[in-house]
Every structure is written in C-alpha cells, then in structure tokens.
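Note that the chains are named A, B, C, D and E in the order they appear, and that numbering of residues resets to 1 at the start of each chain.
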Amino acid sequence: MLECDRLHTYYGAAHVLFAVSLNVAPGTAACILGRNGVGKSTTLRTVMGLTPPREGSILFKGRRIDGLPAYKVARMGLGYVPEDRRVFAELSVEDNLLVAERQAEGGFGWTAERAFEVFPALQEFRTRLAGFLSGGQQQMLTIARALMGNPSMLLLDEPTEGLSPVMVKTLEEAILSLKREGLTMLVAAQDMHFAAKVADHLYVMNRGAIVYEGQRADMERDAAVIQSHLVV
Amino acid sequence: QQPPIKIGLTTDLTGIAAAYARGQVNGVELAIAEINAAGGIMGRKLELLVRDSQLRPELGTSHTRDLITREKVDFLIGPDASSVGVAVSAVAKQYKKVVVMTIPNTPRLVGELYHPHFFTIVPSGTMLARAMAEGLDKKYKSIAFIGGDYEASHQAVKYFGDWLAKVNPEAKITNTQWPKLGEPDFTPYITQLLSSKPDLIFSYLWGSDLIAFIKQAKSYGLFERTKFATLLFLDDLRALGSEMPDGILGQMYAPPFGTKGGKMDTFIQAFNAKYNAYPSDWAVMAYDGMMLLAQGIKAANSVDQEAVRTALEGIKYEGLQGGVTTFREVDHQGNVPSFLGVTGKDDKLPFKTLVDIKRIEADKVWPTPQEILAERK
Amino acid sequence: MTDAVLELRGVSKTFGPFKAVTDMSLSVLKGEIHALIGPNGAGKSTLLNMVAGGLPPSAGEILFAGRSIVGLPPHQIVHAGIARSFQITSIFPKLSVIENVRIALMARQGRCRSLFAPAAGVMQDDALALLEQVHMERDLDRPAGELAAGDRKRLEFAMALAGAPELMLLDEPTAGMSPEERSLVTAIIRKINATRGVTVLFTEHDIDMVFSTAHRITVMHQGSKLTEGEPAAVRANPRVRELYLGEAAHA
Amino acid sequence: MGWRREAAPLLVLLATMAALPFLVGESDVYLANDFLITALFAMSFNLLLGQAGMLSFGHAAFYGLGAYTVALLYSKLGVPIVPGILAAPLVAGVMALAIGFFVVRLEGMYFAMLSLSFAQLIFSVVSSWYSFTGGDNGLPVSPPDWLLPTNAYYYFTLAVVSVCIGLLFLVRRSTFGAALAAIRENPQRAAYLGLNVRVYQLAAFVLAGALAGVAGSLRSPLQQMAFPSLLYWTQSADPVLMTLAGGVGAFIGPIVGAALFVLLTFVVTSHTDYPLFAFGAVVLVLVLFLPKGIVGTVEGWWDRRRAKPAPATPPQAAHAAAQQEGSRP
Amino acid sequence: MTDVLIQILSGVSRGMVLFIVASGLTLIFGVLRVANFAHGSFYMVAAFVTYTVTRMAGGGMPGFLASLVIAPLCVAALGAAIEMLLLRRIQHRDHFYQLILTFAITLIVADGVKMIWGRDYRSVPRPQLLEGSISIFGSPFPSYYVLLIVIGLVIALALRLMLERTRFGKTLRAAVADGEMVGALGVNVPLLYTGVFTLGAWLAGLGGALAAPVGSIAIGIDNSIIIESFAVVIIGGVGSVSGALVGALVIGVLQAIGIMVAPRLAIAFIFIALCAVLLLRPQGLLGRRA
C-alpha cells in the first residue's frame, strides 16, 4: 500500500531523515517506535507531503506521491492525525468533522454519526467549540476528523498522548476494529505496549534512521535489541 | 556657449493636488520654451528643474535646499499646496533666493512669513474671500457656508464675513458646515444646509470635494432651492462637463476665458498645440509667473539675487490677463485680479464656463499695508 | 488542615451552562506529591488553571499558604511561589533553549526590571544546571521551536523548575515523552521533592508514573471529586477502576 | 548574537557619519541629517515591534508631538531650541504613558488600530487648533544662528541621535529587553513566569514614545517648521516599512531601512514622473526576495558563507540504511 | 423630524457603500489574516474603470449596468493576480510582510492609475432613471441611494449565508486557523485563498463602481476608503460580515447625526468611535472573544 524508499528530509539546512525506507502492506498496521526527536513525526509529515523529502520516493497504491501537495495526497486516500492535535479551535466539534468530510477512493463509509459511535464523548459536545475541549477530547476529535475523509490508510502520530487509560483501551480497540475493516495504518508511538497491541509490523527509529525492522512475531525475541534503541 | 539660467520648481505632482501641479509645470515649461526660442536671456537659455514634493512639506524643504545647494538653481518658482509653499518660502528666506509663487495663497505667506525675496502673483486667501463678498448681490441676506475643515477655509469664512459686514451689513452667515477634506459623502451636510433655508450658500469646497458635493446636492434639488456660490477651478468645470448645473456663481483665480483676446488667445492656442488641452487657471498663473520672472532678470541684466529682487519690485509686467502687474512694497503681493461669474454653456468649449464675468481688481480687496503690518506682530 | 500549602474550598467553574468543575475541595499538604487524575474532560486542567490564575473560579476559595489567591493575576501568583507547566506546551519558540530557561529564572527572581543592566550571562550557570538536569545540555543554542515534541515538553518542565517554586502545578508533564525521558522527569520530581521539599500537584495519564510517584491521589470525574487517598487505596477503588483505568470491576 | 557583532557596524556608521561633511556637499549633509532623524524614529519604533512584538500604527503621534513641543515652546514662550529638545521626550513620554495605559490592553491588529485611532485624534487636534498650533500650515521655528549652518545642525543631530541609539542598544541587551523578547514570543507564558506583561509593554511604549519625541524635536528645527503631517497616519506607516525592509530582528535593521527610504524617496521624487510606482516596486522586490529584511538577509548570507559544512550523516544512520537495503522484502 | 429621518437614511446609504467595501476587507483580513492595504486601491481602480466604461458606452443605463459588471470583474482579476503572483509567495512569513507588500501595491497602483487615467479628477454621470429622488414624508431622497441600500442588504445576506451556513465558509474558517492541517484533510488551500481574495477584491470593486456616480473619482480616494474600511472591520469585529454591516451603518448614521450635534468633531469622528469600541469591547461589536 505504502512504499517509502530512502527518504531524506531536511528542515531548512538541518538534515533530519536519513534514508528512511518502509513498507506497509494493505490492511495491516505498522508502527514506528523511537525516542523523542528521532524523526517519527517527520516521517509521517514527509509521507503526507507536509515536509517533502529532498531525496527518495514514496509510492501510495502504486502511484508516486512524493512532491505532491498534501491536499492531493489526502484526496488519494491518506488520512493524517497530527501529534499536537491541531483541532480547529473556533469551529464546533461537528464543524470540525464537516470540514474534513470527503468521499475518497476506497473509503469505508465514515459519517459523523459513526464517528460519534466510536467516540461517544464527542457526541455529547458536538456543538461545543473545539478549542474548549479538554486535551484528551481534542485528541479523539483529531482521529474522528481524519476518519471523516474516508481514507484507505491512516497516519497516526502518537494517538494515545494525553488519553486516559480507559480511553487508550477504547482507542486500541477502535484501531483493531478499523484494521479488521481493512484500513491500513502507520502509527508513530512511544509506547511498546501499545505498539505490541496494534502493530503487525514494527520499525524502530533512532537519530533519523530506521535501525530495526521486524514482524509482530519477532518482537518478543528482539525485545532486548529494541529496548537498546529506545534508550540512549 | 553660456551656461543656462536654472529655475527650480518644487511642486506636488503626487497627491490630491497633482492635477494643479501638472498644469503649473506645463505653464512654466511653455513660458521657458518660448523664451528659449526667442534666444533666452542675456544669451543664456533657461533650464527648468522639477521636483515632486508629494504634498509633504518636509520633502518640499529637502528638494528646495537640494535645488539651491547642489543644482545651484538661480531662481525658484512657486510650489503647489500652501503647506509646501510655507516650507519653500522658509528655505528661500534662509538662502536669500528669489521665489515667485503661482499657486499657494495662504495669507501667512505675505503676513508673518514674508521676506524680501518672496513674490506672489496669486490672489491671497484674504483677497479672494473679500472679492466674493464684494461681488455678491446685496439681495442675499441669509448666507450658509460650507468648506473643508482646514485652515484656508476657516480663514475664508472669517475674511468673507468681515468684508460682508462692510459692504452688506444686513447679511448674516447663518450656518457653517465643515466636512473633512476628501469627504466622500456630503449628504448629511447638504440636508443641514438646506434645513437652514439660506438665500445663498457660499462654498469653499474645491476639486474632487466640490464635484462630489455638486453631484450629491443635485439629487436633493439644492440648486433649484437656493443660490450657490463657490470657489471654482477650471479643472472642476472640465471634470463635471455637462453635469455642471447652470446658474452657479463661480469665483475663479485666472480663467483663460476670463480675458478676451490679446495675449490670452495666443497662449491658449500655444498651450493647446503643445499639450493638447485647454489650460487651467494654474497654467495661466504659472506662465505669467515665469514670464514675469524672466522680465525681471532681463531688467536686472544679471542673475544676482539682489539685482533681480530690486528689478521685480519695480516691475511693470503686461501679462495674459490684461492690465499691468506690479508688486507693492509691503508684502510683494502682485496686483492680480480675480473673477466672478455664472456657470453656463459656451459653444466653443466642451465644458461649461462662466458667463457674465465680473473682474474684481486687487486694489479693491487687498489688505491695507497697516493690516499686513499688524499681522506680522 | 493546618499544614496544607494549597487549599481549595468549594471551587466551581462553569462555562455557560456547562459545569466543568463543581464544588471541588482539595488540600495539598506541604511537601507532598499530589496527583490529580481522572478521565479526559474531568476538569483537571481547568482546576490547575484556576489555581494558577488563568481562569477565575465561578465560586469557591483558593488559599495558598493560608492566603486567598483568587483574583490575583498570574504573575503575582508566580511570585507568591507557584510555578506551572502547560498540558499543551507553551514555550518561547524563537528564543534558544537556554534563553527560555534564563528568562524563566530572571522573571521569577524579579531581575527583568533594569533598563540598562546587560542580560548577557545573567543566571547562565543556574540555567545550565537546570538543563543538565533534564539532559538537554546538547540543545542549548537551538531555537526552542525546532525541538521535537517530547523535547519541548522537557524544556517546559525545566522552565517550571526554574526559580525554586514552593508549589509546582504540572499538567501532564510527561505526556508525549519516551519511557526513558519519562523516568528522568519522574526522578527529578521525586528528587526536588525529597531534597528541597517542593510541593507538587500534577495531572497525568500514565498510571505507572502516577502510582509510583504520588504520595496522594485525587480522582476527579465530571468536575467533582470521585475519591482521594493513598495510591494503593485509589487503585483498589472499584469506581476508579471502572471509570478511569477501564479495568472491569471484577477482573 | 554577540554584542560586538551588533556594536561594530554601529561604530563604523558613527565614524562614517562624523566624517561625512568633509566628504560630500551641503545638500547631501542635509539629506544625511534627514536620515539620522528618520533612523532614530524608526529605531524607537523597532523597540516596540522588533523587541516587544507590538505593531504600533500611531507612532507618528509622538514624533509629531516632539516636533510641536519645540515649535510651541519657541513660538509661544520664546524658549530656545535646545531646552525645547530636552523637553520633547518628556512631553511625548507623558502622552505615551496616557495613551499606552489604554492601548497595551489590546493585542495584535487591535493594538495597532487603537494606537492609530489615538494618534489620529491627536492629529486632528493639532491640525485644527489654529490659534494654538497654527493649523495645517504649520508652526514656524527659527534655530539660533549657531545652529543655522547645515553642518552645525548636522553634528548636533548626530550627537543627540547617537546618544539615543546608544541607549536603545543598552535597552535591547538588558534584562528588560530580554523580558520584552519573551513577551513578544509568548505573552501568556511570560505572565506565568512572573512577568507583569502590561507593565513591561507600557514601559516599552513610553520609552519608544519618548525617543520618537526626540526624533521629532530634531525635525522641526531642521525644517524650520512643525507640520501636522508629521503626526498623520501615513507618517506612522513609514517606520513600519523601514523597519520591515531593513530587518525587524536586527538591531541596525531600521537604520538601514531609514537610509534606504530617505535616499529612495529623494531619488524617485527628483528623477521620475511616477515616484510612487518606483518606490513601491523597490519595496515589493525587497519583500519578495529579502525575507528577513536587508540586514537579516545579509547576515544570513554571511553566516552561511562562514559556517563550516554541516556534519554529514550520523554514523549509525548510514549503517542503518545499508541494513535496510538487505532486509527489504 | 423628517430632517432627522432623511439624515439617518442618507447615513445608511453611505454606510452601505462602506459596508460593501469593508465586507470584502473583513473577508480578506478576518479569514486570511491579510491586512490588505491594497483594498482601497481596488476600490479606486474600479471607480476609474467605471469612468472609462460609462464614457465608452454613453452615460445611460446600459453604460451604468455594464460598468457594474465590468469594473468589479476587472478588479477581481487584479486581486487574483496579486494573490497568486505575490501574496502566495510570502504566505508562510510573518503577517507583517503581507502588510508591507500590500502597501507597496497601493503605491504602485496609485501611480499606475495616474499613468493610465492621468492626474485629473473625473466624474461619472448617473443614469437618467436614477438621477431623481423619491419623496419620503415630503422630503426628497435620492433614488440612487435607495438602490445602494437594497444592494447592500442583498450582499450582506448572501455573504452571511455563505460563511455561516455552507461548508465552504466553515472550511475557510478552519483554513485560517491552520491552513496546513486543512490541506492535510484534502482541501486545496491555495485555491481557497485565491478564491477568497478574489471575492474580497470583487466586493471592493463593486463598492467602487457603485460609489463612482455619487462622488468624484480622483487620485487619493483609495486612501480615505481604506482607513474607513479598516475602522468598520474593527468596529464590527474582524471576520464578521454582520459586524461589518453594523459597523458601517453605525459609522454612516452616527456621522450623519453627529454633524448635527457636534460638527467640530466630524474630522475625528471615526476615530472617536474606534477608540470607544476598542476600549469597551475590544473584539468589536459582533466579534468573538479570542
């Protein structure tokens, strides 16, 4: 579904991603683990077209998407949940969803109603301005918002940040059920446990490069290696 | 080959008075072209240096200084807006350069700011306001005033009122309105003016303000309901064209059609040939100003400032407007006339002009030397 | 009650018809690490914000060291001895990392009032020490806005530490951090509490961190207090397990 | 940025300006005088915009008040120019305090519009109070004979402006300046660090107003006139443009901007029939191609030239890339 | 009494022109956060285009209608070009830069107008049909002003519906807050911005075309309208179309009444109103508190 080949990304003069290559097969979830500042968010932004790579190529559903503006990437069916929430503070919850609503190729028929089913807390506040939601509520909203675009693949940047344990569980279940429906996912996360629950495939990043790659089955075996990349 | 005699002209080619400045530059250029064609003065050609002061006094100062100190101009000819005029006059005073003003007419120039190198051939604000009072029919008793909210217009109503008290003591100014300069909407003022039911409205609006006022007043039937007397520039007549109502009392500085025959007709033709346009009041005064300055230089037979100043003080110049222009000693105010007439159609021109023109001579209305001296205190 | 540094009595906050916090009473004892937990939207941030002076309470009293601080503007509350960090990081993005901390130190000590005294080097050493503590000494001269999310969070924490406050209000201080940095921050909290007796009131969703760090825990739910007590007791509370931890009560 | 790096160009500039009358003609000295005053005006403005992030659109009010203080003291009370120039910052500062008290409550564009409104109110008073201010044709001032020669007044201006810019230099690098920078970046955060944001903003506003007053007070003796147009809003736009064109972030940015504008205005109004067009085109090009203003862009270019090549790929990244190649499915 | 009524009505009609221009500005300023100084230039250019069109088509109704269509379109095209060629390139920089960019444009346009139309001021006649006046309680009220009031109200309603009710409007508001994020949701943000800017320019053009037959067309009308429009936008609340309507009417009517009560304040009137509103209700009459 998504094939990234040797991506190099820069912020101005700062070289941040070094030859990042990763693949996500249709209907599976891949997870990028790594400490702070290793380039997880940048990888997702690069795929999304927000910080285009200077070198390398990205194929989505077999088509080149590197160099395309973000809106074209989104229209091809890639949904994005950013790390710092970025809800539209001055719009109501409902309108946040409305803005994102879009029928894309190969979507899964998401509507606001279905999103509210997954996140009942949002239903309660559907007319409240998004800026007034609590941190966790905002996090749910960004996920719901991304679903409204009916993506065939979702990029999630630390989706559990700021969620209470009970919400994390709900989210895990939601992700698994989305996966069952056939949605492909690439998730950036800090948390091994979460990754272990949702990911079929695992990448570990360190200092802008992928330093480990493995299947879910390998995780236990390689726990020590993975761990070694997650500490300094 | 003798070096040319340099004339410096700082004027506001940018800003709301730009149209006047253009006419002025053209007038001076035409005069210089004619002088040079006739061989120049003392065998020297004249050269004009134009600077744009953009209606900013400080820029007027910089340019005038620069013209004097870097370009070494020999004489200055007047700027456009009064505020820049004041600034230019101050520089001329400091460097003792002869300057001839052809548009600015704030009474302060001949009053507190006067200096011996200053000469003007524009009827001052005082003279115009008094001429208006002088020329009005005595039957108008209740008079309303409207003028832009700035100094000249406040002074105008004052001088007008004072003179009225002398020539028509029964008349009263019953209502005054002060829209800001550049006001796009005069309707509130129009309704105010009309509600006081005056015999006559005296307006000190000009340029685009006057045009907007006239157009808006038309739909309120103002010109049918009351007599309207206003300061009027040729540019206004031209811009309004056939929209200009008939029967408005207009006061003008130096309308080309105000003087029949003689030099004026030649001038109009020459101007038209050169610029493909009918000259404005400003072009007339600018042309006269330049010619007069040239005559002064010729008379002095030198470009020495003091010699030329003395020559100008005693000059007798026969200009476009007929009569002989001289400067009086106390304030170097030229004895220039102003004109009062009624708007109407002229078959020869594509816009309306004044008919029944009255020429009001300077000596009737200019302030007495005592008045001038009192102001300088 | 006597040794409570911070005491809330019947504090409420309503936004229009919505009650974000209802009649909350809370005492934070001197020298304790007090955790405030609860489901998303329970009102934790709102509560901290009221203490810090960012929001006026609709009702109730807030006492700090026995003195009411309701109605005081934030900067006065800071000078009274309360520092805070934000849930959504709030730093000076274009200033360098070390300048961020230095300004925090200078402001806290009231050293910004001089028009002419050069700022260069002022409190440089203290700032360095703080940044070393959070292991950011390598990023000193980077503009703070360029930091990755987790690093910004650490910087924010360092700024809250600046100037030795008596009470720290930390809103999810370790959210978005990797496990390693998380334990670092936790260790610092414990350390300043143990060595300097700094009182800490914090919110957090990482339960391991909460239960291992806090001396006492208050659980909020829908704007009011659900329960309060020692970590073990709170953990065992069936309502907490159901509403917050999401563990089936019978499990 | 080290203070040497900021001070060095200032000192070079000071030396150049001091030598100028020996190198160029009277008219150019006059123009340079104009530049010095304009530069101080723009610098005082940049204390607000560059340092504190406050976009004031009414800064000309204080400039004009400075000019009128000198003119009024001179013409109404016969006070000579020099004491007038000393009084100007006081008058402008007090006015800035009164206006600042209200305007610092607002932020961003609202702050800009409120400062504009107050300035316009002062402008309307000045331009229509004929008996006191002389109205729209201005109020004359005559410098004493010893200041009348172009060079004499030039050196006088140079001295005053140097002192004021020196002051601004100190303020920028002071702890107060650091607090302003923090407030500019994130006022909310600054408040939660213990800064009384309003008071700091007010202090900056007063200081900037007072220094603008000094600039204005130097202006009216130069023109031998105080004009209401010195207080008009278009005059307030000037320092904004100069500062942004020169570079908001750099200390000497506004000076460079002022030099450019004074010179450019003079040149275009001397040589073209369409000065606004030429001027606007230059500004347009500056904005489009020099994103950080002139000084900022030059500095960036300088730094890049001197920077050592950035460290290349981190060691283990290269190795990781290789490993990637092998493990690709 | 009818005096006062007529006074108010004329204030309203003036307010309507101001509203039409300011509504374009409030869109551009409120929605795109571009403090567009060139807005006054759009107004001026439209007025001059109106002059040319009516001269070519003769003064009557056809000329008037043609100018009402052509002038705003010309200006809209100009706006689109400015947005795509210039503003877009500095979109990601500090908003200050857009301010000076648009300021530079005002200068260029001011002289551009001089190059094309000269320095003289001009006048556009009203079509015969709208030349006269209707009678309101026996006092004449120009029929052209009635037309202005009607057009203003229609525009207000249309804009309000567009912004508040349509997805387009909501997307717009979201894009202001976080353009990058909206882009990541599949919205072509640059196109959206161009669209808004063009619409804003079109409104300025419409205002210019409508105002041309009532006033005079001169260099400098850009200057006065821009300050008044900003005042209206701020008084009404940035980004709020209804606010702009209220703001414009408040200014129009208060000015009309104000000169009866305190004529000496007329010159400073708008700024007194601005100060009062900003101090008492900084977010504007209908603005949302941030």
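Definition applied: a residue touches a chain if its C-beta (ideal position, glycine included) is under 8 Å from a C-beta of that chain, and two chains touch if they have at least 3 such contacts.
Only a predicted model underlies this, so the values are computations on that prediction, with no experimental measurement involved.
Undergrad: Hopping along touching chains only, can you work out the least number of steps from chain B to chain C?
TA: Minimum step count, chain B to chain C: 2.
Undergrad: Can you name the chain that lies farthest from chain C, using the mean of each chain's Cα atoms as its centre?
TA: Max centre-to-centre separation from chain C belongs to B.
Undergrad: Averaging only over C-alpha atoms, locate the centres of chain A and chain E and give their separation in whole Å.
TA: Computed from C-alpha means, the inter-chain centre distance equals 44 Å.
Undergrad: Centroid from C-alpha atoms only, then distance chain B to chain D, rounded to Å. What do you get?
TA: About 39 Å separates the centre of chain B from that of chain D.
Undergrad: What is the distance in Å between the mean C-alpha positions of chain A and chain C?
TA: Whole-Å distance between the two chain centres: 29.
Undergrad: Taking each chain's centre as the mean position of its Cα atoms, how many Å separate chain A from chain B?
TA: 75
Undergrad: Send over the residues of chain A in touch with two or more other chains.
TA: 14
Undergrad: Out of chain E, which residues touch more than one other chain, so two or more?
TA: Within chain E, the residues that touch at least two other chains are 110-111, 114, 223, 264, 267.
Undergrad: Can you tell me which residues of chain C touch two or more of the remaining chains?
TA: Not one residue of chain C touches more than one other chain, so the list is empty.
Undergrad: Quick check: in the complex, which residue numbers of chain B touch chain D?
TA: 13-14, 51-54, 56-59, 61-63, 65-66, 69-70, 82-83, 86-87, 90, 94, 106, 108, 112-113, 149-151, 154
Undergrad: Tell me, which parts of chain A touch chain E in their complex?
TA: 48, 50, 69-71, 73-75, 80, 82, 86, 88-91, 95-96, 98-102, 104, 145-146, 149
Undergrad: Flag every residue of chain B that touches chain E in the complex, lowest number first.
TA: Against chain E, the touching part of chain B is residues 13-16, 18-19, 21-22, 149, 176-180, 182, 184-185, 187-189, 191-192, 195, 207-209, 211-212, 215-216, 218-221, 235, 238-243.
Undergrad: With touch defined as at the start, can you tell me which chain E residues reach chain D in the complex?
TA: Within the complex, chain E contacts chain D at residues 29, 35, 86, 89-90, 93, 96-97, 99-101, 103-108, 110-112, 114-115, 223, 227, 230-231, 234, 238, 264, 267-268, 271-272, 274-275, 278-279, 282-283.
Undergrad: Flag every residue of chain D that touches chain C in the complex, lowest number first.
TA: These residues of chain D touch chain C: 3, 170-171, 173-179, 181-182, 185-186, 188-197, 200, 203, 207.
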